[in-house]
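Below are structures written as structure tokens.
In what follows, chain A forms one complex with chain B and a second complex with chain C.
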Partner chain A sequence: MTAGDLLIWTRGPGLALALGILIFGVLLRLFEIYSLGRKSDLAPARETSPGSGWRTVFTRSLPPPGMTRRAPMTYFGGYVFHIGLAVTVFLSIPHIELLRGLLGISWPGLPTPAVDAAAMVTMIALLAVLASRLSNPVKRLLSTFQDYFVWLLTLLPLLSGYLAYHHMLLEYTLMLSLHILSAELLIALLPFTKLFHAISAFVSRWYTGQMSARKGVAV
Partner chain B sequence: MKSVLPDHAGQTVGDALLQRGVSRREFLQHCGLMASLLALPAAAAEQLAVALAKARRPSVIWLSFQECTGCTESLTRSASPSLESLIFDLISLDYHHTLQAASGEAAEAARAAAMKDNAGKYIVVVDGSVPLGNPGYSTIAGVANIDVLRESVKEAAAVIAMGTCAAYGGLPAAQPNPTGAVAIAELVKLSSPNLPVVNIPGCPPIATVMTAVIAHYLAFGALPELDGLGRPKAFYGETIHDRCYRRPFYDQGKFADTFDDEGARRGWCLFKLGCKGPVTYNACATMKWNGGVSFPIQSGHGCIGCAEPKFWDMGGIYQALPQPTGPVAKVVGTAAAVGVAAGVAIAWHNRAAKADAKATHQTVKVEDLHK
Partner chain C sequence: MSATLERGIHAFKEVLDAPIASFFSSCVHCGLCAEACLFYTETGDPQYTPIYKLEPLRRVWQQEYTALGRLKKLIGLAKAVTDEELAAWEPLVYDSCTMCGRCTMVCPVGNDITYMIRKMREGMAVSGHAPEGLVTATTRAITSGSPAGVKWVTVQAQIKRMEKQFGLPIPVDVEGAHYLVLMSSWEILNYPEYLGAVGRIFKQAGRSWTLASDAYEATNSGIQIGVADLAKVLVGRIVTAAERLKVKCVISPECGHAYMAIRWDGANLMGRAFTFEVKHILEVLDDLRREGKLKLKGSIDVPLTYHDPCQISRRGGVYEQPRTLLRELAPNFREMKDTGVMNWCCGGGGGVGANERAEGLKITVFKRKKAQIEETGVKTMVTACANCRVTMEEAMEHYHMDVEMLGITELVADHLVEDEAS
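So, the complex of A and B:
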């Protein structure tokens, strides 16, 4: 198999397969979660606070008072990583072209050097949060194999994309194919790992906010 | 048997150039250009000139199999008259069934004589792929391409696979490859494993690359350095995208969205219009075509990636490189249906388990604790 063959596979059947697994997994898990249901709450709501759920979706992205001092790496590393990843994924022009091909919608992208810098900063943040996870005894004890595995799954597309753009290590077509393949691996495993928080985080935040309000802790 | 070929014995490239009135200055200039094209060090130009002048004109047998004659057209129309064409005149093209005057048995006799007279020294150039699905799909004088190839390369010094069809199978090998088309190097590897094969892909290829490869072979007795796909690195070492004069627009995020919009008029990057330059290794952006006048991107059309293996199967010519080429909608639709069905099945199972647990739940009373 040549690099060209791999590129053809990743752009064609590989992408279709990865997206198929993503959609299958997401629907399966959402059905599984929501069909479990909750016991009906017979107590009247303590407080009427419309919009608590929606507000929580956003307020949970902000650090609680004092937490940035207690766990600076968790918060700042997390911010830089997540924002950098969003910029790299959604503002790179080739990525927008892919989404245009899939969804039919597009938006303006950033110049390549800006995305390149964002990818580099994101990788540095990933390394920093890993170092923090390994050096902090509590975090280290809480970590499982999956935490390290999804860290690697996230790093690989960033690293391979960076290496491909800079023509490092392997010739461009092969590195580009490996970049697409690593992104497809991430997409396919997203529903079955902790990466599912990309979809479930906002729903669970809404639920938490809504239930807190109902119990008298309006947000 | 008396040879049917003109007698070239003893005639060197230097002699032939002298006969044609090419001055030493012009020849040295040409060698300098050739050395630079081949990415050789500056000192190599002189070595190339000395060696090339003494080299005997090589006999070349040109075989055309499953092809469109575009490669030959490219060669014959390369900015004539040029030094390339002079050098081309100065090889002894002993067999080429498009260009030769002879036909029928006389033509085939010319090939046989060239092979006999130059055994171990002649060069076989091939354009077109070989059909293995059925030998009758493509024949020359009633002989299947595979047999002509095997016979011709048996005592050759080197093989040049000219054009994408010869190098990788090209258009005939595009899915579903109805003739079972195979690249030349794959077949030569089976019949003559030690015979060097150079791939010069392109649809058509740049003619100067072939003359440069032959010049290198004549001067240094070896083929130039090749990449993993058997292509001379000097010409196929960089992508079209990396050497494209429109590359700065790509980096700035300036693109033509259609062929007649403001971006197209301003000469911005054609990536969104399907340019395959980022994954195409060739020298079009630097050597250009028609005597260095232009190349497709300069004319306003994206690179179609013709020098890459399976470029016909790389999706639509006007489809941007990142866009999906597979049956995404069909697969995702099916996956969604299966996901919903599996979700419903799991929900049913969980509910049944809950109901079962509820039904079998045993309550414990205070008096039970005293038993």
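So, the complex of A and C:
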């Protein structure tokens, strides 16, 4: 198999496979959650409440008062990483072109140097959050193999994309193929790792927001 | 697998629901919950990280309710939950968690960790991994009517004292009264003035009320320990009395967890909606104020602050009412830095106060509250939970702090315009 063959495979069957696993996995995981159900609350809710499930879905993206001071690295690293990743994934013109081909929808992208910088910043943020995971006693206690594995899984598409764009390390076609392959690996494993928080966080935020709102508390 | 462990695992499986499955699915191991927990901030010990306290429950969820976890279990790659592990987790689930809910406020993926701890205790208790102090308190509550062993005769003695002190009758078992007033053991033993205060307030407001000789205790050790069946027995006593006396409203006393037990958990434990309302005394005071039936005079001029009991404010939704009253009565009322729904716990709720083994830890983590009080510079602190009050009075004694504590109901009663009483 040549680099060209690999590129053809990743852009065709590979992508279809990854997206298929993603859709199946997300549906399976959501079924696993919702099929457990929950008992209806027989205590009468407050008539008016400042909170709601949807409110919490949005407000939980912001740090609660005083918390950034207690955990500056977690918040700073977390924000830079998530925003940087979103910019790199969704505002890179080749990515938008790919989505246009798949779904027929598109939006304006950023100039390539800007995305390039975002990718670099995101990788630096990834290194910083890894350092924090290794040095912070709480995070180290909580961390399992998966935390480090998922970290690598997230870094690889960023790194290979960066190297491909700059024609570094490997021949371009091969590096591009590896970039797509690593992104496909990330997509396929998303539902079965902690990356699933990208979907389930909206479910958990909603539940907590809704349960608190019944009591008259916006959380 | 031992029979008790089997019961514990079974209970874990029973309590796991869609919200918990979404919570475990969402955790990214960021560790922020630790920064919101006074057991971690005051000790620096990572084992007190809230989400870590749920590890056995998480594994049961994973192994029983996820396809991947089941597969791992099938091929022998899953680590089973053992008795030894649950024994090791007992101090994490009981001694170092007051179910204050502060971690729930900060989790970026929105996990209600407190909700999970409450559920996890169901499995811990039936597998024989609940602290002795809580087991004793629960047994006493079932057999004698109160976790502290306070019998009706003790209440009667306090009723007589209060009637003499305030010169007003304290009604008992009066059918058709508007309110059924409950108390916590702490109030009966340490702060019976609450009863006198309630009597004076209702006299002025012209509202009928009663105590019930078969349901005077509001606290619920069944919930603290995590045995829903026993919690139901304890709530059931109140429900039976309220329905027998045909009251319109049951008043939860100045006790946070009692409010949670009756107002929010009660109907769910009974499996049916109540025929009466449940309100915290603070809500009742606020109702009376809005109806113009609470006429107050004078003020308390010393600088003071208000300690939000977690189950009343953060977990119960009653945080504006005490402030409205205090703004009226105390011109020098000052807020603590983290306040309202973000307040720090006293350290003695959720069964920690009844657990002798946790005594030292409880005193250690009080340092958070101590710092909060010292920041405000006040020498007077008002609260609305007798358990918070006892916890803080003891801890302040330990730290030689010169801060006076007041119950808000007494404070209101002391400022009533008594001559306008009906």
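The rule we apply is simple: the second predicted complex is superposed on the first by the 213 of 219 C-alpha atoms of A that agree within 3 Å, B and C clash if a C-alpha of one lies under 4 Å from a C-alpha of the other, contacts with A are read in each partner's own complex, and residues count from 1 in each chain.
Heads up, the rule we're going with is that contacts are C-beta pairs under 8 Å (C-beta built on N, C-alpha and C of every residue); 3 or more make two chains touch, one makes a residue touch a chain.
Quick caveat, the model's predicted, so the values are computed rather than measured.
Asker: Which holds for A:32: it touches chain B only (first), chain C only (second), both, or neither?
Answerer: It touches chain B and chain C both.
Asker: Looking at A:17, would you say it contacts chain B, chain C, both, or neither? Reply first, second, both or neither.
Answerer: first
Asker: For A:173 in the superposed arrangement: first (chain B), second (chain C), both or neither?
Answerer: The first partner, chain B, only.
Asker: Counting only touches as set out at the top, which of chain B and chain C does A:74 meet: first, second, both, neither?
Answerer: second
Asker: Tell me the contact category for A:8 with respect to chain B and chain C: first, second, both or neither.
Answerer: The first partner, chain B, only.
Asker: Quick one: classify A:143 as touching chain B (first), chain C (second), both or neither.
Answerer: A:143 contacts chain C only, not chain B.
Asker: For A:94, select first, second, both or neither according to whether it touches chain B, chain C, the two together, or no partner.
Answerer: first
Asker: Can A:111 be said to touch chain B (first), chain C (second), both, or neither?
Answerer: first
Asker: Which parts of chain A are touched by chain B and by chain C alike?
Answerer: Touching chain B in the first complex and chain C in the second, residues 28-29, 32, 35-36 of chain A appear in both lists.
Asker: Over in the complex, which chain A residues touch chain B? Could you list them?
Answerer: The touching residues are 2, 4-5, 7-8, 11-17, 19-32, 35-36, 93-95, 97-98, 100-102, 108-113, 167, 171-173, 176.
Asker: Which residues of chain B touch chain A in their complex?
Answerer: Listed in rising order, the residues are 228-229, 239, 242, 250-253, 255, 271-272, 278-279, 308-311, 313-315, 319-328, 330-332, 334-336, 338-340, 342-344, 346-347, 350-351.
Asker: Taking the complex as given, what residues does chain C use to touch chain A?
Answerer: Touch list, chain C to chain A: 16-23, 25-32, 34-36, 40-41, 44, 46-47, 49, 51-52, 65-68, 104-112, 115, 263-268, 270-273, 313-319, 337-338, 341-342.
Asker: Enumerate the contact residues on chain A facing chain C in the complex.
Answerer: Residue positions touching the partner: 28-29, 32-39, 41-44, 46, 49, 56-57, 60-61, 64-67, 70-71, 74, 78, 133, 136-144, 147, 192, 194, 196-197, 200-201, 203-209, 211-212, 215-219.
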